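Next, two complexes with chain A in common: one pairs it with chain B, the other with chain C.
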Partner chain A sequence: MDLTQITFYAIAILASVSALGVVASKDIVRAASFLIVALSMIAALFALLGSLFLSMVQLMIYGGAVIVVILFGVMLTRREEPKSRIRQLTRSENLAYLGFSVLLVLTLAFLEYRIGGLYLRPEGIPADSQAIGIVMYSQYRGVVIALAGLVATAGVGSIYLVKRKRGDSS
Partner chain B sequence: MGLIAFLESSLVLRLLLVAAGVFIVASIGALIEIYIERKFWARIMSRLGPTEVGRYGTLQLFADAIKFVGKEDFTPVAADVPVYTLVPALSVAFSFVPLLVIPFDYTVASLFPQRFSPGDFVFSNFDPSLLVLLAFFALQPVLVLLGGWASGSKYTLIGGFRSAAQMISYEIPLVLSLLSVVVLTRTLNLQEMIAVQSNSLPFVLLDFPAFLLFLVAILAELERTPFDLTEADEELVSGWITEYGGTKFLLLYLASYLKAFAGAAILATLFFGGWLGPSPVPPLAWFFLKTIVIFTLFVWIRASYARVRVDQMLNLGWKYLVPLSVLWLLLTPFAASVFLGHGVLG
Partner chain C sequence: MISLFQVVLFSTVLFAIGLYGVLTSRNAVRMLMSIEILLNSANVNFAAYAAYTGLLQGIVAAIIGIAVAAAESSIGIAVILLLDKNFRTVDLDKIKELKG
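And then the complex of A and B:
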């Protein structure tokens, strides 16, 4: 086992353990802290696969922005802490989700075992940021324009929602 | 040189050497910053600043550091101990990482051109090095929120909220004004950005609107006056760091000055040509000097302007800086074509 493999397994174990921590911890801020670790480990995996660009974008958007939104959300909406986290987790719909994820992982593992090459990066997919930019703005320009439209709509919508009504002094 | 050959044999050893070198440069920078902060600020306010310990008060910092380390290491009763203890350490680590991608290692290696080949001993020369810097700046609000929450006091929590809101608001104009430089240089690599500036005018002249927007945004991001309302030491106690004392406070203090050093260095890299300068003075000295001069400008701004209110801060961020930086980003390609036509952009 070489250094890359050891690093991969260390990151993978840390990511899995912290993902378990997210669902198992009773305190909501603790859960968010575990989520940061899990998402950062995903970023580390991207870096290990050779795409530093994707890794840093993951860290910037999920590690930074999304976590702050979650923390703001949970800190401002104080809710009763569940008495028993285990009892809450073992409700029927949660068990269904769990079963579905186990099934998904098993299917993927089976496909990898029988067919193989599922997780290899296909040839010709660029890794450095300039190449990513060229592909995005030539091959996938329709998708980029559609997403830009969506973001612009969301921006205008959020401004409309928080706009103070005339005569509203609060 | 057996030692150099030994170091060259292992990537991890070389990385450690570079990290140690950058840490030494950054720590010396942070010490000089704190001294300037006290002495220069005091002179502007017609005070003397530190005078007693060492010649011209130069050893005052060390006296203060010893005092902080010697204090009782306490933890508030209501604190969430693991998170509360981790935040100062992570704060220093996350403030130090941006310094690793700023090309200080190139300037240090260029002092010994025969011994350290830049290909082996320079790690800051990779493609999205600017993104690494931005990613670690983007993680700061999370630490602030966690630190404020973990202290277990409602005042630190409110301070954490204010701080995180400010950082998140000003991150957008910060990134947008940086993107204007990226458009001009067509790269995300900080070393190549400096290389582009070696055969063009410095970007502080070519990209002046982006420089102004970036300066305001970085002052807010570093929580320095006029945007230090999260700390506001005359009004609030000390914002989200109120419950931190002794060594933990020392770490947070060091982190804030490392962050300020990184902020000044990135400003020097993007707009003032980094290590470029007339040749008898080595690149390291030019880079260091530019960074320190920019930090002195931060202190000057601190001494000259009053603190803004929360609503003013949010208005300035969202209603002025964000639209202006978007507008300038849209205009940048046109400006770039004009500059290329006149031969002032390499």
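And then the complex of A and C:
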């Protein structure tokens, strides 16, 4: 086992435990802290896979902007905590969820058994920001424009939703 | 050397945890956090396949996914604040109607 694999396992375990902490921790602020760790670990994984640019984007947008928005949401809605933090699923729902998860893992294991030995390129992703920009603004120009429209609409829409008075349907 | 299977398995574990969070959260903000974990598992998959094939399209798809997640997060928080204003709670079990 080389250093890359050890680093990958450390990142995977930390990210999975933090994601579990998001779901299972009692305090919502602590859950947000776990979310920061999980997202940062995923940024570290992107860097390990060779894309420093994606890692930087992940840290800036998820580790910065989204976390701040979520913490604002926590602060502005922290009036009353639900008594039980998680909804108890029925036995059949639990079984369905477990079956789904096991099926996913088994499918992956089967694929690994049939077409195993697929290794990532040792040099990682051949990507600098210039190459990514060329691909985005040539092949995916329409998608980028649509995305800009989506983000602008989301920003304006969220402001409109929050500022709307109760009963104001116009 | 990392195999594709390891990264995709990690992504599956993240997806399963996020899905469990979405199914069981009573707090709307926690549900939003779980959705972020779900979207991140998709981005990990994109990055893994980009690292396997050496194509940049996976990275572009991951960047698009991150932007969509940011938009979703802002709309989600706005909806949660609206729910809090109208129903005085963010407990999803107590919110029984969609009328604003």
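Here, the second predicted complex is superposed on the first by the 111 of 170 C-alpha atoms of A that agree within 3 Å, B and C clash if a C-alpha of one lies under 4 Å from a C-alpha of the other, contacts with A are read in each partner's own complex, and residues count from 1 in each chain.
In this section, contacts are C-beta pairs under 8 Å (C-beta built on N, C-alpha and C of every residue); 3 or more make two chains touch, one makes a residue touch a chain.
As the structure is a prediction and not an experimental result, all values here were calculated from the model.
Judged by the touch definition given at the top, the superposed model places A:Ala15 against chain C, while chain B stays out of reach. By the document's definition of touching, neither partner reaches A:Ile145: not chain B, not chain C. The larger set of touched chain A residues comes from C, when the choice is between chain B and chain C. Of the two partner chains, chain B is the only one that A:Met56 touches; chain C does not reach it.
Look at A:Val29: by the touch rule set out above, it reaches chain B but stays clear of chain C.
Contacts of A:Leu106 after superposition: neither chain B nor chain C is touched. In the superposition on chain A, contact of A:Leu95 is made with neither chain B nor chain C.
By the touch criterion defined above, A:Thr4 lies against chain C but remains apart from chain B after alignment on the C-alpha atoms of chain A.
In the superposition on chain A, contact of A:Phe72 is made with both chain B and chain C.
With both structures placed on the common chain, the touch criterion links A:Ser158 to chain C but leaves chain B unconnected. Under the contact criterion defined above, the residues of chain A that touch both chain B in one complex and chain C in the other are 53, 57, 65, 72.
By the touch rule above, chain C contacts chain A in their complex via residues 1-10, 12-21, 23-30, 32-34, 36-37, 40, 43-44, 47-48, 50-52, 54, 56-60, 62-64, 66-75, 77-82, 84-86, 88-93, 100. Residues 80, 83, 126-128, 131-132, 134-136, 138-139, 141-142, 145-146, 149-150, 157, 161, 164, 168, 186-188 of chain B are the ones touching chain A in the complex.
For chain A in complex with chain B, the residues that touch the partner chain are 27, 29-30, 33, 36, 52-53, 56-57, 59-60, 63-65, 67-68, 71-72, 75, 128-130. Of all residues in chain A, only 2, 4-5, 8, 12, 15-16, 19-20, 22-23, 28, 31-32, 35, 38-39, 42, 45-46, 48-51, 53-54, 57-58, 61-62, 65-66, 69-70, 72-74, 76-77, 79-82, 84-89, 93, 97, 100-101, 104-105, 108, 111-112, 116-122, 124-127, 131-132, 135-136, 139-140, 143, 147, 150-151, 153-155, 157-159, 161-162, 164, 166 touch chain C in the complex they form.
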